[in-house]
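Note that the chains take the letters A, B, C and D in the order they are written out, and that residue 1 is the start of every chain.
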Amino acid sequence: MTAPIPHLVDHASLIVHGPDQPGIVSEVASLVTRHGGNIISLDQHSNDATGGDFFQRIVLHRADLVAAMPDIEADLAKTIEPMGLSWRLRDMSEPLRMAVLASKSDHCLLDLLWRHRRGELPVTIPMTISNHTDVADDVRQFGVPFFHVPSQAGSDKSQSEGEILKLLKGNVDFVVLARYMQVISNDFLEKVGVPVINIHHSFLPAFIGAGPYRKAKERGVKLIGATAHYVTEELDEGPIIEQDVVRVTHADSAADLQSRGANVERAVLSRAVLWHAQDRVIRHGNHTIVFNS
Amino acid sequence: MTAPIPHLVDHASLIVHGPDQPGIVSEVASLVTRHGGNIISLDQHSNDATGGDFFQRIVLHRADLVAAMPDIEADLAKTIEPMGLSWRLRDMSEPLRMAVLASKSDHCLLDLLWRHRRGELPVTIPMTISNHTDVADDVRQFGVPFFHVPSQAGSDKSQSEGEILKLLKGNVDFVVLARYMQVISNDFLEKVGVPVINIHHSFLPAFIGAGPYRKAKERGVKLIGATAHYVTEELDEGPIIEQDVVRVTHADSAADLQSRGANVERAVLSRAVLWHAQDRVIRHGNHTIVFNS
Amino acid sequence: MTAPIPHLVDHASLIVHGPDQPGIVSEVASLVTRHGGNIISLDQHSNDATGGDFFQRIVLHRADLVAAMPDIEADLAKTIEPMGLSWRLRDMSEPLRMAVLASKSDHCLLDLLWRHRRGELPVTIPMTISNHTDVADDVRQFGVPFFHVPSQAGSDKSQSEGEILKLLKGNVDFVVLARYMQVISNDFLEKVGVPVINIHHSFLPAFIGAGPYRKAKERGVKLIGATAHYVTEELDEGPIIEQDVVRVTHADSAADLQSRGANVERAVLSRAVLWHAQDRVIRHGNHTIVFNS
Amino acid sequence: MTAPIPHLVDHASLIVHGPDQPGIVSEVASLVTRHGGNIISLDQHSNDATGGDFFQRIVLHRADLVAAMPDIEADLAKTIEPMGLSWRLRDMSEPLRMAVLASKSDHCLLDLLWRHRRGELPVTIPMTISNHTDVADDVRQFGVPFFHVPSQAGSDKSQSEGEILKLLKGNVDFVVLARYMQVISNDFLEKVGVPVINIHHSFLPAFIGAGPYRKAKERGVKLIGATAHYVTEELDEGPIIEQDVVRVTHADSAADLQSRGANVERAVLSRAVLWHAQDRVIRHGNHTIVFNS
């Protein structure tokens, strides 16, 4: 069992969403209060003035939280569900378990490992998996297990994906593709059963697919970017969590774009991972609500 | 009487702040609900986990708001004040009245007038005052009254300030110094009785006082900035509302800095004015809480 | 005849481009020197280490420039052309003549007029043309002629385009589409005979075509942008001069994106116009070399 | 002897600076040409239209460069020095030798080591020195020697500085203070004899001295920054090479500022180091000319 995150002991995140209606805030706040909780932070969003969807993230503090959670959950089921609302309550002191999949590039992977070691990411990293062995030594120096699962030749990836699924099964709460250069099959997505976050090396929806820096050079753009998104069946079409850009000029070669872009990729991915791990991101259709203020 | 802002009819902003304590959110949300209001947006901030100050901004909607406000206010006085909390309830459909003071530079002034005409700023502009006449024609083309109050020579500004105070008295809810190149006396600040927002042409606290672009050139900085802040007795030391910067190089002359800086000044000032007019800015000592998410 | 720009009297821009080869810089610099000129600034770019294209922009100063230009030009023809290089020499004190085409939106148009009046754009503006009359008064207050050319219904625009061409013919050196909401025909492009700069309200190549803010909202991007480019036969595919972006969130409506985007549009367009007017932009195929350091 | 950087073999940087005068570009370009060199890139700057200083950086390519350098140097001495100009010619394939001094914080240090390993920094790193041992293992995993020189108690640092000087003497071409938390004495600066680059964790000249993040929190700024500069006798007053900022809000604690700031620090420092190592930075009084386009 993992040690709890000290400063988050007795803190829970409560996500509520569903059809907007008067009185939700009051109802939820009263519930927290009557269970002895204190609201530390509260964000909400309604995507339409009338008849829209409502999204709320509360961080609450309550002494002896773990003991109180069953009661709070029962109350949520009784009070909030009849309003047609979904909810999710999580003990924030338990770090989410994150698997990182990478290929040969180390910049996104190492940045996550560094930030984790610095205490910036409230996660544990039970494993890193790669279809190459280049990053094995670096990963293990951080005390993180490394597994090598070579890519299968051809379009049928079922065997290599099956091996990865076996490693992940039950061991992780989300998966990060840190420049993992293999297309994930729909079958994998269904079976993995946890969110998968990818970093795409372009400002989506520009330059979907392979070779975005080459395409950016060909088009002559003056900014290049990176996009962190949840992976869905449609390649590079999933809900965007975070994006950023950096300025380039005619003097930058495709290799320069790649090098400058790497800085943006790791910055964007680390923010997306942090926000996901802090329960700040709510998926809604192909959109995200990100409470990162 | 000014026409109400159509899309803000029946909307009120409610600001609550004071010593943090359990149950505030619940108490306020219940109050809104029991008066038939719906919480449209809610932001809150606590500046310390224990024993800190609490700040909350709610936008609520309630059919027939104006009729209901006395009851809501009475309830706030009865319920919230005993908790040691201050509150402010405002009908958001009534635009704040903004006076703009300028000198010869027109970029900040015209940007405000133009944004106002586009409907981006929920204010009325009863007057513009300048110690010069350069901008008079432009101002009047926007249908805004222009008053010329020449600066007094010497350090005693009591007569010119007195004239300005007479024009402002009772007519405005806040004052914007849009590159008004006169130091405001403490006496003026006390008598004017409404918030005064200034745009300083540097990234404060760097380059306090006169000639910031010249000083920036002398120091050889690689970014120049602008700062919008509330005016207090200490020159350039008031609570900061918004700041931004733009990149410069060794090749930029002091005149180039001024020209590039002008773009940042008008952008920063317009955001600060917008947020102030939307009741998004809470002053607390020499700090601001800005709920602009 | 227009008054020359005082601080640019006796300044010329010299653009040289063509196949890269040893000795170009030396040859061109010697030529300038032997005509009594002094090189004020020099930028160059080679798009490939071997066998690529070479691009150079020189600003030179020479007392009594106008009298000396025929000799310099003859020397360029004799010395530089045999190397297979093209060149263009221009007296920078003569402002380029810019026509602005707009529709109902005023933000890009007014920003150009303001900057021009402030002395930030080294151009004259002989005319503004619109398919609507909304901006007529504003334009004329700047002392700029306004012509109304209503759009033709249907897909055949030959008559309205013909009328515009008649107005432009011989009177302008480049045309700016400042949110002009009509597709320009290839026939128009061929006949106009001068560069046409457009501002597109997205970060191209994302969201080509109509309704980019709506599309951006639908895709859920976290940044929106604007792109200034030369107009070519392919809609939104011409050489990009400048781009920029601004951060948005889930809380921004499509109308918010439009309002935030307007700030980026006018900033991007004004930079592109400035650089074009200063001969800083060289077109090469579907790319631009922008010497804006 | 270090292996030369393959893609920079036969490339030299030539820096020329001194009193501006007609004909410099022509003279230097002719010189390069008559020695069989080709100008790959050229940047120049004049800090005043009349009677100012001139700065130029040329990258030239010449087959068999090393053999030709004595002749080129002799020619520079004969041709350029009589014009009152200084010059510096350097074989760019020889990487500069960089020492990194650090304390306990690893973010700037590791970023440099990792970029070096990726091939992004054209330097060798003969040693890292720290007054603590926290980073020893990490440094050595990159194959870089680590030396521990504990800080001397009290204000007299002559012994510990002497030990550091002994390690550096003759072994390095520049020194980087990567969050080295000791004030460097003037005596050290004089004796070290090579440029020293520091990263200061604020947007200078704001928040000079210790505790900039705490001071930033106290002042309530909305952006925090970092500054890379050459170290001079005056603390935090040396010539600025690069600066950048990141947005913060009222919700960010001093610890949050530190964490966000760390990202800016490492980015700013890595750019400054890169540009210094590429001979792109010219010091002039308390300013820098940075040819980074």
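Keep in mind that, in the parts below, a residue touches a chain if its C-beta (ideal position, glycine included) is under 8 Å from a C-beta of that chain, and two chains touch if they have at least 3 such contacts.
Worth saying up front: this structure is predicted, and the values here are computed from it rather than measured.
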C-D or B-D - the one linked by more C-beta pairs in contact: B-D
Most distant chain from subunit C, judged by the mean position of its C-alpha atoms: A
Computed distance of Cα centres, subunit D from subunit C, in Å: 37
Where subunit B and subunit D are represented by their mean Cα positions, the distance between them in whole Å: 42
Residue numbers of subunit A (touch at least two other chains): 249, 251, 293
Residues of subunit D touching subunit A in the complex: 106-107, 110, 114, 118, 120, 141, 249, 251, 259, 263, 267, 293
Footprint of subunit B on subunit D - complex, ascending: 45, 47, 203-207, 219-223, 225, 239-245, 249-251, 286-290
In the complex, subunit B residues that touch subunit A: 22-26, 29-30, 32-33, 37-46, 49, 293
